[in-house]
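If you scroll down you'll find the structure; I have some questions about it.
The first chain written gets the first letter, and so on, giving A, B, C, D and E; residue counts start at 1 in each chain.
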């Protein structure tokens, strides 16, 4: 632990800390441009020069390039250092344009700050300024090269840190140019971080271009809801619209960055078509009026058909407060327990994850970065949860071996081994891999139970090539010291999640501290999983509706039509309901079909707590009051002068408040008058005591159920070893980085990037079907047609047809069941032949 | 108490004499001619730098000078300026709408100080009164004038180094855009 | 009292009231005009020629203004306080003799509304009452400024009332009566000013302080307390404070004339006119003083009242008494 | 398109290399020689051969001065303007050549024969002033020498390519 | 006649062949070393000889080699640096053209000393003719068994390939050169506390040495380090040195002379003195990135230490001679022009500071200078020493020299409001600027 003195203040820092970081720990912010802690030091800008007065290094040195050492005495205010830094600023400014007033960075610009704080105000350079042509970098990032001070941060992040190779540095000397080879959208799904990283205005936020200054924004700490990772953000609203989201550093979750889906996915909050008017049987009504009527009808139905004729559907995007209230309400009103998932597979997977993830195993993204072997099963990181890919890349950069076991043609920004296994083969393949690893590492110290478990695992998969690859990967796993298993839940069922946990446990008993990392189907799926105990899944509820057992359905922030395969069934079932009440902020189909609709508040207006995939409870603070954005009220010209609220702009209560209102109307009084959501927590909820003591932990609270040893290794070992019969295709509906997630698919720039949907097919299957790459295919499903361009690739597992959830596919694509066996496929297309050409007809 | 002692040094006589002298001074003023200029009958020409009604000026080519940088609204101590910036065809930044609430304005002139483009200027025109407070809210149409006001020659976009359709490197003290593919070393 | 006497009394009252109120109204104009000229401006000159209708316009304006009562104010006291302030000087004028008795159609009409044998005590008593107007107005407003103004007013008026009362003792000693008619009568030969200059000065200063005018306007010091005890008043109630103040100035002139300048006694002119001539310079002097002197500091004000005026007045009493004894003996 | 023979040769070399990226300059030279300069098509081919992105090749191509990203003539005259040559001719050799050929520095003669480029010291200071034509050094330059050399070059039918 | 080490086989009109080289004892040192010396002993010999790097920095070669002991296993590389692009420097071209096998033997000995597996001969594009020569000679050496598997029957295997650069001065910097070879942008890159000898090419230990340095090795091995050290004329020097004399002298060229030969002697005797009509005004003693050396100092012995004592550097020992007619402000502008153009653009002082300095000097040269420019130039040139690599400090050296020894000339520009030189016809038939005074 080196002990040094900076500006006459003493500090002890861990070995390997640079002097610039040591100073930062003391609160001394040494000016810098090229240095970023996560990217490391390169010493290009020379801005962080300080004077080393004593110790192993002497003289003026860059504080980012010198590691703290014992006996150092450093002065950041030494006249020579100050003079040098002033000189650097002057050099940097000789070509910097005079455009701060029209630059979106103005007001939060590092260059601006350091120029002013350095005292550079008079231009001594009389020569002309260098200019550059700009490039079109796509809908997210605006390029303005004239402002560049050549700090190399952007390329270092883009190429070295994120691993994408289409933005770089060109030219030489004072003609250095940062850009792409030619105009075009940046390929990286992390490109938005360039905006945060750039110390000046070369890269600025394009969707919010020219909309506001940072100082005018209403800003608050928020949480990204576009996947289950729970990345931390800062959202900024202006004139009643959320216009910008930036990453917020949290070393436990996302580090310093966020992905573009998270950064730009907030457009749903500002939609012109966002429902803001309560409706009663299709007619506009006041919010209270509608809510009272809802309560009255619920009472009537309960009186007529019993309490259990009322069911509740929450979602994985509910805040935890809402979920708790839903459960409390349905419990005390003696309704059916709430469901949170439309998709039965998702519900079961989440249940398995919540049941199996415990603190011994749970890893966060930073833990993955430290792993030396990563095994990802049933995950397509860039598409499912992009920030996961970034964390995996950091592990890869440190030399970790990475193996992905998935049916999809997974692309990642680093070198890895893709083992293509069909969806049905995944559990078996995983079992084979781990069995190989454990047997290679030796099973000493294993209890009999574990040995039996191991023995029961399948030892082979049918595919010879895959078998070989699995053996090799098993060898790497056996040799690793800090492995981690990443398991997805988007396509794979609960068996995989359970097996992954078993295997992680097994490896841990084998003296390897292995970690486990799950992905979940929603920002608060973990909360839903914790609260859905005892409740059955949505499909069974649908049956009850059809049978007439359920006569009222309360849907809170969910749209069954968005993902439920059989749209017609859903439609007719919901039509049978006496009361369909929907509470949401999205213009969803369910909202349109509702008898009573109550507009909801987004996370930016209401805030809320969410539990991410690792069981970390985090709080998103409300950012602004909400209401119709000023731009929509005014239609582009100046807004009205009168102070009266615009029609429909009354503040929408959050789902929690709406449910509380409903509970009051139904005479269900919460135990405490202030009605803190946490006071309604079920007693078996993990971390309940802590939540009651510290209701909103600022840095997140790990909520993992305590698991007993007895619960481990419980997966039934008779795993399926093959998928549907030969000749049939398994249809996979998959996430896509942009354009498939429920909230972010409303963001126009992301839709542009998503492009048209593609159907993916293995080369062998395509040959059998006689279709070629790039062909336009027409799927006929129940009389509706879906057109998709076909992409043939051999990087995926054979026997699968991969179709993205895509906003452009509309409701027809929703009808595709996640997995179709041969017979179902036939039924789906309405044809009898089991052969592929009938399943896929050329348009 | 000490103060009084010091003050008392002159004695009562001196005090009374001083009192009398001040009465004399005021009395002599009474018989002087008032200096007042009767306002509506006589309007005194005000210096150009007087701070009254605010205008938005134009550059020489007739374009709006305002680039909606939010500096005036940021510096305004009474928050009477609001605007929405937007991008015009060709990349010029401008104010889609721009509003000053003169009922709030204290005519301090900080907005003019802050304006980097000399767009917002205070004028000597102080005569405006309305019956209804909302009539004091001036929109861009009301604020825009067809001249350059003070320093009418300055055109921010000639120095700013941003491309507004004329192409890079065409403005004051700029080199032609760098061609990174050039064969020249 | 017979009915004629009653009619005569009412006529006297009417005349006095009309003269006082008009005088007060125009005194406002005169003050504004004079202050304007002291400051090299013309003063009000827009309403009518040279602004002569200004008091009328002010009156109409004030009458039409909304009468607001602040939230949390003690409503009754708040409404009453201005009335007290305005009433006190009006009542004071009741004992001021306006001239010699008038003999008309074998009736002797005394040119005084009421010749109280304890007139002087009546004056002292009433002037103490005006403290209430200030204190209650200040307190009832439920405002910090008003409360501070009221407090200052109370302290100041009570302090200077003492000096004022003491300064009048020699006059009583000289006149041998508390009746103002008698005091005026005692000055038939020479005004008391000549024998009691010290009393005159003390009375003048104390009266200035009682009237809360510059340099003693601490209760309403604009730059500290907005408008002091009447900060929260608006419309006619606000005006009442000013009516009171300006009538007070006239009454003060009357008292000075009665106590020190021989009342209505004078050559050539009839009594009431003579009295009027003696009254007029006093408000003018007060206005001149306002244009000349700056406001005192609070501690200076108190020090001056207690440490200078009161002892000097006491000494004056002793000296006067001694002299009277010596002269009589 | 790249002739199969060159492509094959390069692919063989790349396959044999432990670090294919090491060959990027050689491949760029090769394609530059084939196309005359490294145009965008060539650059994409380099990227494809080495499994780089076009950008990664561009990063290098725009760095080096002997990789031509703009069309050049049959002969590229790198006229030295290092301090020693400058001492002898004070820019005049470059001016003289430009005047003679009627082009500005960096331009190519209309007949596509010559491109004139100023260049840093070519390491021929003992024969200053000097220039480099397609990898061959010439010096010391005099007006007569330049006239003669250019005439000779014009009459050469084949390309004198050592390096370009 | 002084001892020759490097130009022993000089033929003047053509390179010496392998046979000619062998006749004079060529490859004897290699055979000797393989037979008699362990790799570490070769390093010791070099360390004992006092040989210092000839590429400009003058780092003791032996110390660099010895640091390889104990480095991580795996392939090691030797990179003979023949990328001399500094104006006025051409010694490596002459050396390679004179005796290619001498350089090759040096490389092989170095490889043996540090147990390298692969040599990469890095050559600049304007030396294409030399690159082809080397490629031919490499084949001959391979055929003769000096390269390849099991050299001369020993168990030491080593081979050399030629890497052609595509230009740019910065590629001469060791870490940039390593990146250039790997196919990355050749920016110098340092990692705190890590040297190339630990993590160089492909993260393996790498030795980057100037070709001339390596060419000294055979003589050191075969004739002994003491002999080598004693050739020098000053005790602080060791061995001989190639001096490139260029500029306004009668016989510009490359001369091998013992270390410590006085500058005046080199110019007046070896280079034949100044051209007719020219007077010595100043010279750059070690290439473009050293200070101007005025006439009063020209008796200095040319070796690292002696020059350092009077505030100069030996650099690449390329002596560029300016005569009394040359405007040194203009010359400095020319030098800065070179540095501005060749900066890799990595760090701020170099990328933006050098153009600023050039701008100031251009203003002075064109008579628009201001008095304040001189302190500005001085301070900026001083700040350059905190740049990332040695490039920018080198670029600032001529400016510092100009301001130190020829400030009067700069001030004359200011006071006259123009350059005190005019154009005249002189020197090789081109118009040339001449100083009026």
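Descriptive notes on the structure:
One rule holds in what follows: contacts are C-beta pairs under 8 Å (C-beta built on N, C-alpha and C of every residue); 3 or more make two chains touch, one makes a residue touch a chain.
From a predicted model like this one, the values you see are computed outputs, not experimental measurements.
Set against the Cα centre of chain A, the chain with the most distant centre is C.
Here the chain pair with the top count of touching C-beta pairs is D-E.
Innermost chain of the displayed assembly, by C-alpha centre distance to the whole-protein C-alpha centre, is A. Averaging Cα atoms per chain gives one point for each, and the point farthest from that of chain D is the centre of C.
One finds 83 Å separating the Cα centroids of chain A and chain C. If each chain is reduced to the centroid of its CA atoms, chain A and chain D end up 50 Å from each other. Computed centre separation for the pair chain A/chain E is 55 angstrom, with centres defined by C-alpha atoms.
We define each chain's centre as the mean of its Cα atoms; on that basis chain B and chain D are separated by 60 Å.
Counting partner chains per residue, chain D shows two or more touched chains at residues 59, 62-63, 65, 120. In chain B, the positions touching at least two other chains are 180, 185. For chain A, residues that reach two or more other chains under the stated contact definition are 127, 169-172, 175, 177. Of all the residues in chain B, the ones that touch chain A in their complex are 67-71, 73-74, 84-87, 93, 96-99, 116-117, 134, 137, 139-140, 156, 159-163, 168-169, 173-178, 180. Listed in rising order, the residues of chain D touching chain B in the complex are 62, 65, 68-70, 72, 105-106, 115, 117-120. For chain D in complex with chain E, the touching residues are 19, 21-26, 28-29, 50, 59-60, 63-67, 78, 81-84, 86-90, 92-93, 96, 120-129, 132, 135-137, 140-144, 162-163.
Those residues of chain E that touch chain A in the shared complex are 168, 185, 189-190, 192-193, 340-349, 351-353, 355-356, 359, 363, 376, 379-380, 383, 386-388.
By the touch criterion given at the top, residues 84-90, 93-94, 124-129, 131-132, 163-169, 180-186, 202, 244-248, 252-254, 284, 288, 318, 320, 322, 326, 331, 334-335, 337-338, 341-342, 344, 423, 427-433 of chain E touch chain D in their complex.
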